[in-house]
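Each of the next two complexes has subunit A plus one more chain, namely subunit B in the first and subunit C in the second.
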Partner chain A sequence: MPRIALENVTVTRGGKRILHGFSLEIRDGEYFALVGETGAGKTTILNLINGLLAPDEGRITIAGRDVTRSPAEARDVGMVFENYALFPHYNVYKNVAYSHRVRDRDVTETRKAAREILSLVLIPNRDGALPKELSGGMQQRVALARALMCESGILLFDDPFSALDAGLRMSLRIELKNLARELGTTVVHCTNDVEEAMMVCDRLAVIRDGRIAQLGTSDEVYYRPSDLYVASFISDVNLFKCSVTRVDEEQGLYILTHKRGNEEETREFRVIAQEGAPVFNEGNDVLLCVRAEHFYINHGFRKKPNRVHGVIDEISFLGHLIRYEVKDEYGKRYRIQRFVNAKTRYLRFQKGETVTLGFHYKLGLLFACPREEELARFENV
Partner chain B sequence: MEAPTTDPPARSELSRQDIKPPRLGLQLRLEKYFSKDKFRIALDTGTIGFFLFLIIGPLVSLVGTVIFSWNGIYTSVFDDPITGNVQWQIMGTVLGRSFEIAAIATGIDLVIGLPMAFILTRYEFRGKKLLDTLVDLPMAVPTSALGFSLYLFWGSNMGISGLFGLEQGFLSPGPILITFTHVAFTYPFIVRNLKVIFQEQSKLYEDAAKTLGAPGFTVFRTVTAPLAKEGIIAGTILAFTRSLGETGATIIVAGIFETAPMYVVALKDSLNFPSAAFLSMILILVSLVALMFLRIFSRRIGFPVSKVVPKVERALSTRPVRVARNSIGMVLFIIIVLIPAMYTIPYVIEWFAVNPFTGSTNNTVLESLFAPDNKWAWLWVSTGNSLAIAGISTGICLLFGLPMAMILVKRKWGKMKELLDALIDVPLIAPTAALGFAMYLFWGPFGLNVFQPGFWLIIMVHVAMCFPYIVRPIIAIIEKTDPELESAARTLGASSLTTFRTITLPKMKPGIIAGMIMSFTRSMGETGATIVVSGLIRTVPLLIVDWVETRDLAAAGFASVLLIAFSFIVLLLLRKTMEHS
Partner chain C sequence: MPKIELLHVSKTFDEGKVVANDDVTLSIEDGAFVFLLGPSGCGKTTLLKLISGLETPTSGTILVGGIDLSKLNPEERSIGFVFQHFEIFPAMTVFENVAYGLVVRGYDDETIEKIAEEALRLVSLEGRMLAYPKELSTPELQKVGLARAIATRSKILFLDEPLGKLDPKIRKVFRHELRRLIKSLGLTAIQVTHDQEEAMAIGDQIIVMRQGKILQHGKPEDLYYRPGSIFVANFFGETNFLEGFVSGVGPDSCVFHLHLGGPKFEIKLQHGHQLKNHVQAIIGYRIEDVELIQTKQEEREPGEELDLEEKPRLNTVKGRVREAIFIGPMKRFIIDLENGDEIQAKHSSKFLIDIREGDEILVGFHENPMVFEYPKDIRAELSKA
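Up next is the complex of A and B:
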């Protein structure tokens, strides 16, 4: 039985439809991430689960119990808010004990529970401190402790790391995931950072305009994106509008031709489509999508299938990564991203140098050719 | 061959331009010149000097009078050869009565105002804007017109008692009617204050408390109220002092009873200056103590939050209780504040040409206005006076208020500035009659002998009275404005005055307009201090007081409506100009 289920939920605010016929099931003990752009409806989904928002239509169940109309205070779902929302007039202990105090729980028991949870989230003994006296990371832990005091075993995170600096963010992600697993808590974690979502989650949903664009594990979403949006949301992509010249049914291999309007030259690509991709026939228009990190780069000019050529236009060195921008003779730009390792450390390219880019035939992603408006978001298709 | 000959002059022209420093327009050059430090210091000094003369001078002269004529005060207040200490006993009575009324009125306002402020900030519904305007409406009604309106509604047989067919008014003029009047008078102040506080407070904390399992009432008691504590205390003290010092409306509804500010007026009228000074000083001291309390202690007071009683609080959070609370708040507002405050308008319409009961023309608005004693002419002369006084004092306030606001935000003078900041609020809370009397002592024949009671002394009093209303909103806006904007303008080469004109001033515009609206309406309706310093000049509020005293109710009603109408038109005009620019 799913722990949390939203069934056909519709939410309208100020005449604008935020969610429409939205359904989602979250399993017991699962670490679930909701990822999407700002305004996609992530926080709305959280507020439906914790009861701050009632849907116009649809049903919400928690552990099989219909809670659609029950108010937030009756649901006992812990939530860590984006800016923590620690009560500024209460000290750490009073903040953490709040949920027990408003239910008039036994004082000694409350103290015991609070102590336990505070030590669990590694807060040194600072019960008397006010939130403003704590560092950002500490405030985050107090907010977490306060949410953990809820006894439903469900935790919601609304972009919990957005206010922290990069190093702290990284270590807290792992800590959070381990803690949730240890306690068997069901977690719904909202973020607009794909990397963060992929790092912490068991499963994730990419939300776009109030709909689920894709739902799956990190691996699935990365290697088998359901559409161009998901593919491009996760990392930089290079797109080629192609037509299918031949299909090798036996190997599942597509042979594609790419030619842009004014170009004389055609390029040939051979690709095995990702799992779950639609089946294409000869003569179909398709969109080939190659992730920036799936291109490799070499000196010189070699004409072969799955290769493109150009001149290096821009190099950015990021330490662990090098990014190149390559421009071909027709002005089309390619983005390439390579990890810096023992091999690539010395494989340096100069600006203006002619290079060949290639990709492995199993790493090309194939999509049905989308409408022009959709493609307009990308340059040089 | 022509090309080489035309080229060189063009180039040299270009280089000449490069060498010359860029010529600034006259305005920019003037601004640059006056941006020098010495002018800034001169402006600061001028502003503070003006302020000291305006506020501190009168207060000092008041205390001086009390000290220097202490023997006289002692004789007349405590040890009169004939009446003994009767004077002191009367002062005790009026002070006690004033405190009692202020406390009760503020208490009632808090109880009926809290749900209203909460409705206006936390709920979305149709007609919310209208309700918001209606709540502010009594603030636009000048105090003596408000008093008259309440007298008509509660105190005369033309008001609510008429509905029940009674011969007499429901409440006769006296302490109870004064309390009702003060409730209506301070209500908008309390609600407006609370509203701002609730608006500024993020809803996030309330949401967090809800997800942690607190029902609505508990959320309010443990989160909303404690966080709004300072604001609630500030609003309460402000309303309390306003009620304590209210004179204009009180005079009309007091009947034979007197409150402390009224007694100041009476003492001054009977030329008993030492006693008047003594009582004024007591009133101002009380206000100052309240102000200090507000500034120093409001942050430290704890809120009564101890144990949570879930059963009771859960019951209080249920929907029926909530709906009942909101509707009671709404109904009380309409019955106690809105209708009584606006009652003059239907009254004047009803009594305009004929007596609605007998059909005769006796005591109607027209008859009373065009009676042989020239009421009609008086009305227009005093309207002119009111408008001129309000306009001029608002202008002067703006002239000195702008630099004052800048000083209070920008200069880093430590304790000195804090003191200055506190002093700005003195006219806001000091009883108007006492302040008016202090200014009379300072400027008038017994002090500097600069102004005689009359037009210009009224303006001086109104300037002092309106000063905080102009300065406060401007300060609020400057504090909210990003200081980096000004820094950016400076790095782009603007002198400090140019920065002020092009960046700071446009940002401050809404604050300035809000301040002007407040100041203008305040001046239009001011009665308490004006009575003390008016001499033979009449403003419309004074006219209303006069006419109520001579029982020309219809004429007083018409003057009230006229005053409300003028205030409204000015408000609308100001708002329109704000929208256009």
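Up next is the complex of A and C:
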């Protein structure tokens, strides 16, 4: 039995359909991430689970029990917000004990539970402090402690780290994941940051316009994105409009032709489709998608196909990553992301340098060529 | 013209009880795009207020374009501001929002129209001049804020989390547009952000502040590869810090002992280093520099790793993979070393595909770590909250 289930849920607000026939099942003890752009409907999903919002249609169950019409207090689901949402005039202890106090729980019991949880989230001896006297990271820990006091064993996170510094964000993610696992808590974590989602989750769903674009493990979603939207949401992509010239069914090999600039010159690409990928035939129009991190620069590929030449136009240094933008003679731009460490640190390319880009034939993704309107969302296809 | 110089600038509040800026000396070149970073309360906001003339320093001198700021009248020290909360007037069109500051200054209609249209064209909003804020997307609103700052025609721009409201995906594209715009107008810009990656990606220089002082000021790569302190090493990128002590300290090398009787590393030291022999020390490795070596010689997928001719020698310690987390292009590992330390490693997921949770491995540490003297308060240096 799923811990949380949304069945065919529809939510309309101000004439706008936010969720449409939306269904989702979250397993017991799972760390589940909802990832999508602002406005995709992630927060609405959380509010349906915690009871702040009732659906127009559909059913919500928690541990098999229908809670569609039950109020937030009855569900007692813990919630952590981006802006912490602590009671500013309550000290740390009162904030954390809040849910027990409103339920008139035994004072000694409450004190004991709060102590335990505060030590678990590493807030020693600050019971009397007001939120404003604490750093952002500490405030978020208090918010987490308060949420952990809820008795349902379900925690919802609405973009909990976006206000924090990078270093803190990183260490809190790992801490949070371990804590949830230790306590057996079921977590639903919303974020617009794919890296964050992949780092914490057991499974994730990519949400687009109130629908699930794809659901799976990080691995599945990354290696087998269900469509162009998902592929471009989780990575920087380079796109090539191609037609299939030949299919070698035995090897699963596609030979593709991409028309360049003046439409007369062509370039050949070879791609082996991933398991479970859509099948194409000779003459089909397809879109070849190569992720920024899968382009090599000046790497000695012996075989001719899957190579492009261009000039480095822009470089941005990101510490363990370097991003290059390469422009070819037709003005098409390519984004390349290279992983940098002590071994490859000195292998750098300069602005204006002519380079050859290449990708491995197993790392190209093929999608049916979308309609022009869809394609227009992407630059320089 | 607008080179910004601060000479021994201090600012205290409450009769000296609160020191916001403590003897800050700093020079920002004309046309530089500089990022100001530091934990909250480090003094960066006060510093910006001092440069913009909103606050007066308790002591020290601020020069803008070589002229003492206190001798400039408010008109001459004009600075454009862009905030995260863009404070756009909802009842005014995009054009009116941008023109507002010019109207207040008493420009004639023709000039206002020219400047406002020019500013909107620069941010590619010329087609949205008659739209109202509620019709705009978040990135478009952000651009209105930017156009308004440009329209002041100030040569100096202060930006406080100007991309803070954008989704990460859009933010990564928009930050380059922002840089191109600032560069094409030849502005001297100072940006405050808590996004270290953004600062590294588009900043010419980065200033890290802490407790009212400037800790380090340099190019992004200088800060990343040559952090002057544990704090800066910890603030940019992710680092494993190993505690131990050093022996055999020579002019360019020493032996680092990972705890008493623990594994020994042979490491190199920078010439002119100040490290004493037989003292406690801390060495730091970026998590992407930690190598993981499979000890079981099972069949591996053909390596796609680049073969560099000169492989640096490695110090190795036995370890066990506690967690292997797949993050798309990256794979992150949490490893327990045999001496009890926990470290992290991060690698491109194109490599090392066969290292899994529970694997016994060798962990390789190269011979050029960051080396620091043991600080008085290690917890304060490594504090992230």
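The rule is short, and it goes like this: the second predicted complex is superposed on the first by the 371 of 381 C-alpha atoms of A that agree within 3 Å, B and C clash if a C-alpha of one lies under 4 Å from a C-alpha of the other, contacts with A are read in each partner's own complex, and residues count from 1 in each chain.
Basically, a residue touches a chain if its C-beta (ideal position, glycine included) is under 8 Å from a C-beta of that chain, and two chains touch if they have at least 3 such contacts.
Quick caveat, the model's predicted, so the values are computed rather than measured.
In the superposition on chain A, contact of A:222 is made with subunit C only, not with subunit B.
Using the contact criterion defined above for the overlaid structures, shared-chain residue A:361 touches neither subunit B nor subunit C, since it reaches no partner.
Look at A:88: by the touch rule set out above, it reaches subunit B but stays clear of subunit C.
When the two structures are aligned on the shared chain, A:150 is found in touch with subunit B, with no touch to subunit C. Of the two partner chains placed by the overlay, only subunit C lies in contact with A:166; subunit B stays clear of it. When both complexes are overlaid on chain A, the residue A:378 reaches neither subunit B nor subunit C.
Set against each other, subunit B and subunit C touch different numbers of residues in subunit A, with C touching more.
Residues common to the contacts of subunit A with subunit B and with subunit C across the two structures: none. Of all the residues in subunit B, the ones that touch subunit A in their complex are 202, 204-205, 207-216, 218, 222-223, 226-227, 307-310. Contacts from subunit A toward subunit B in the complex involve residues 50-52, 71-79, 81, 83, 85-89, 98-99, 101-104, 146-147, 149-150. Per the touch definition, subunit A reaches subunit C in the complex via residues 37-38, 135-138, 141, 163-168, 170-171, 174, 192-195, 198-199, 217-219, 222, 233-236, 291, 293-294, 299, 314, 316-320, 323, 337, 339-345, 347, 360.
Partner subunit A is touched in their complex by these residues of subunit C: 39-40, 138, 167-169, 172, 176, 194-197, 200-202, 220-221, 224-225, 234-238, 286-289, 304, 306, 308, 311-312, 325-330, 332, 334, 346-348, 350, 366, 368, 384-385.
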